[in-house]
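Worksheet: one structure, shown below.
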Amino acid sequence: MAYYIVRRLLIVLLTLWVASVIIFAMLQVIPGDPAQLMLGINATDDSIAALRSQLGLDVPLLQRYLNWMSGMMVGDFGYSYTYGAAVGSLIAERVVVSLPLALIALTLSTVIAIPVGIFTASRRGTATDTTAMAITQVGIAIPNFWFAILLVYIFAISFRLVPAGGFPGWDTGLWPALKSLLLPAIALALPQAAILSRVTRSALLDTMAEDYIRTARAKGLTAQHVLWHHALRNALIPVLTILGLQFAFLLAGTIIIENVFYLPGLGRLVFQSIQRLDLMVVQSVVVLLVASVILINFLVDLAYAWADPRLRREG
Amino acid sequence: MTLRPILLGGLAAILFSSSALAARMDLTIGMVLEPPGLDPTAEAAAAIDEVVYANVFEGLTRIGPDGAITAGLAKKWTISEDGLSYAFELREGATFHDGTTLDASDVVFSLDRARAEDSTNAQKALFSAIEKVEATGETTVVVTLSEPSGAFLYNMGWGDAVIVAPESADTNKENPVGTGPFKLDNWQRGSAITLSRNENYWGEQAKLDKVTFRFIPDPAAATAALLAGDVQAFPNLPAPEAIAQFEADPRFIVAIGSTEGETILSTNNKKPPFDNIMVRRAMAHAIDRQAIIDGAMFGLGTPIGTHFAPHNPAYVELSETYEYNPEKAKAMLAEAGFADGIKATLKLPPPSYARRGGEIIASQLREVGIDLEIIPLEWGQWLEQVFKGKDYDLTIVSHTEPNDIDIYARDDYYFQYENPDFKALIAKLNVTAEEEARFDLYRQAQQIITDDAVNVYLFQLAKNGVWDAKLNGLWENSPVQANDVTGVSWSE
Amino acid sequence: MKNALRNKNFLVGIFLTGFILAIALISFVWTPFDTTKLIIADRLKAPNLTYLLGTDHFGRDIFSMVMVGARNSIAVAFFAVGIGILIGVPLGCWAAAKRGFVDELLMRSSDIIFAFPALLSAVMITAIFGPSATNAIIAIGIFNIPVFARVARGAALSIWSREYILAARASGKGAVRITREHILPNITNILVVQGTIQFSLGILAEAGLSYVGLGTQPPDVSWGRMLNEAQTMMSIAPHMAIIPGVAIIVTVLGLNLLGDGLRDLLDPRLQRER
């Protein structure tokens, strides 16, 4: 097991390093000069040159990469060209929006999907099941940003129940902040819930077909009893896997929803920074996002390996 | 028995009247772009001035809502006979937000810093006429110019020329320390900036005690935020399509003002076939300005025929010089030897006036045989490829700098236009101080570039202000990029 | 065939997909109006007898735009899936045949690609090459490569362990020949099912990219761009937002149902009672 962990850890580090090189290289070839962009069309050439050296853009490429990497090692993510603020603090400001949003959406999706999955699995083949599954098919097909636009017009503009967007900050109180995350969370959660409820249902049906469940049924236990006491626990693994994937997606993949609701989240930070050529922000945030996905996968792998020794020999 | 209702009634009356008497003291203003930093002397972004100009930072002079120059931190000034020496007398009692007093040395520092060798000022040209800046007393400064400059006082009113203190100059980007009636309270990056009233302001106190600028880049979200009351004013709403809806709603005031933004189809005058004046004139005939204004801006915008703002007293109405006539345009193209049509590119920066306008222009020019490939660009790429690299055929952009017709005299400007007569005219203008003479030169300049059909002049960008009907004192026009809230208040 | 006629998912799926496909194909030869011609005077018309689904802010016929948009969405998704199959499947088969280092390298590379947030990477790609339908295809296609590589590898591995492959090797057939003659024919079904799923994801991805302005560019029409333009006009012209959204839903729904149906029909081992 120790050998396995060390080996996997080395692979994780290697993966991270390759990812950092890819990101750095990609950003170097984005056309445009950050200094020129910041100073605009009336700037003189010497002002631009002065700003370039101020931003450290006149340093050779390799040196810049090494500076950035050595900073990252000690938790210094560099300074934003445009905001002038430390990238670390910018990330901290955004995470308090993105993380709660992802968590609320995930909770919402789970709270809807698991009961629907269980309910439909236990009533397989009935009209309720067929209808619910048809609805989930439509749910998967709905683009979440389109759904978000509809939500805004119904709940924010027509009924004025919640703000149309923006984030007032947690210091204005729990309720105003939560209220502004409500619509985005729903827009994110419903399509996810559609997927999750299908996964839950089919995972349950799969385990119900396993031999030990049949044995349990043969012993005379009712279908309902078996479902609740035996199948559910075993169906949890595929469900949790999907949840993990969805969480990773939600953390970074909410750019479009953040744009519809103009929320100051991580996705929008990167999106805007790319447009502003604020490369330091882009590279640091993307590397962190990539690192978190790789780490989550690593932990999941470890958990699987721990649960199933056979997996340790494969890779 | 009878006492209770009276008491209750009294209480209700007190509650009611107090809420009616106490006018609202806070305001949330919507803006499209978030400023990258808050130091107007360090970057070009208009969003910086839109937050800090007049509110946080002040210059020697100040540009008012009508575009006129008024006193700022300099309460008065005298100009020498030869027009080379400006003696400013500063306000007494003006202090920076960190408590330090404003004195002549701060002015010397600010102006010297802006024009220094290693300055990163985005409008360094504003200071190019300055030869030296000297403090002649605690509150008196003399600025000496190397040549007379008719625009000097105006230049000193730009956001890029505000007065900063040596102690805080380097950190103004994150923590602006100015002399204005508001100071920075809180910056939620990516979301909002809140200013609070500066109780130690040297002049008349602001009426609001808190002003929040909320950044909403998306036109739909901006409209939604106004309708939902999340923001109470959008001085320049990015969604012209929503204006009619706000006009019909008594809760809102719609103020369509003008900006300094001449929106033009910039043309690469050195790149064939656009080096041919016949082709450029034919293009001007092929474009239906009103259709562009209707289609892209929902009717909001004034057609122009030259590079000058219609609200300027020296403006010449030339928008009918090349009337819309596709048949004539076709004939002219054929005469110029392009009967088989022209293929070219149209590079478009992000704003919707460019993207939407570009679609319409491409469709109009296709009718006369000019086939345009539309290439959308981010600002960074636009600056590099089009503005600096001159690697373009046509582009659409709004030139928002005030009184900037002199760009046509610049060597190597991205229009690639060269006309010695025009250059001579601008050189003369730069040394002319007398107003009527300046106007006359401006008029001649407008005529020349229109005759040469340097670019196709489309329309003056409107400022689509929408705000709560109970708000007073917001600017309708924008002679400078600013949201001056120093005089804003709620009625009732 | 009989099975196909009994499979409801398959039937509804093929009907919806066929409908959208037909619209897309017809748009090449005929649309009610020319979508490149702007009639500003007729802008923002609600659905009426002339313009069945109304007009947009440039006076273009939305019905015609939905037709042209269908062909653009399908083209982007089709080529993106094509990239994934053409590059991913050979890679996956190669890894399955070689095992060892090649396999490890492939799996780790796909880990790296999967670790990148897809939309953010697409934004970076379009920032480098400029927004266009072609670059949207590349951005979506890149993420399809590891998907197909993994699916092909997994399926191929299980076939490599079969006895008839051992027999083929014993008779002196090389890895390439075995892959061509025995592996590929046996993994086609699973690739078709995966292809349908990726196709529907591609439609959604294209809509999303075009919605943020990074995909198809004017004068070409895309459903995502139509939604973007419609958003600000929601309260004055709701048809502009609702119609393209419905078009996307119908297409994605059709493809998903088709995928489910195909899975049931083509690969009985994977069959789940749904």
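Observations on the structure shown:
Should a chain be cited, it is by its letter among A, B and C, assigned in written order, with residues numbered from 1 in that chain.
Convention: a contact is a pair of C-beta atoms (placed from the backbone, for glycine too) under 8 Å apart; a residue touches a chain by one contact, two chains touch by 3 or more.
What you are looking at is a predicted structure, and each value in this text was computed from that prediction instead of being measured.
Taking the mean of each chain's C-alpha atoms as its centre, the chain lying closest to the overall protein C-alpha centroid is A.
Two chain pairs, B-C and A-B, are weighed by contacting C-beta pairs, with A-B ahead.
Chain A and chain C have Cα centroids separated by 22 Å. The mean-CA centres of chain B and chain C are about 44 angstrom from one another, to the nearest whole unit. Here the spacing of chain A and chain B, counted between their Cα centres, is 39 Å. Shown for chain B are the residues in touch with two or more other chains, namely 218, 220, 227, 350, 378, 381. For chain C, the set of residues that touch two or more other chains comprises 127, 231, 234-235.
Looking at chain A, one finds that residues 30-31, 149, 153, 157, 259, 275 touch two or more other chains. Those residues of chain C lying in contact with chain B across their complex are 36-38, 40, 43, 57-59, 127, 130-131, 213, 217-219, 231-236. Chain B meets chain C in the complex at residues 218-220, 223, 227, 239, 241-242, 244-245, 291, 294-295, 298, 350, 355-356, 358-360, 362-363, 366, 374-378, 381.
For chain A in complex with chain C, the touching residues are 11, 14-15, 18-19, 22, 26-27, 29-31, 124, 133, 137-138, 140-143, 145-146, 149-150, 153, 157, 202, 205-206, 249, 252-253, 255-256, 259, 267, 270-271, 274-275, 282, 286, 289-290, 293-294, 297, 315.
Per the touch definition, chain A reaches chain B in the complex via residues 30-34, 36-44, 46-47, 50-51, 54, 82-85, 90, 93-94, 149, 152-153, 156-157, 160, 163-167, 169, 259-265, 268-269, 272, 275-278.
The residues of chain B lying in touch with chain A in their complex are 34, 36-37, 43-45, 117-125, 173-174, 188-192, 214-218, 220-221, 224-225, 227-230, 350, 378-381, 383-385, 387-388, 401.
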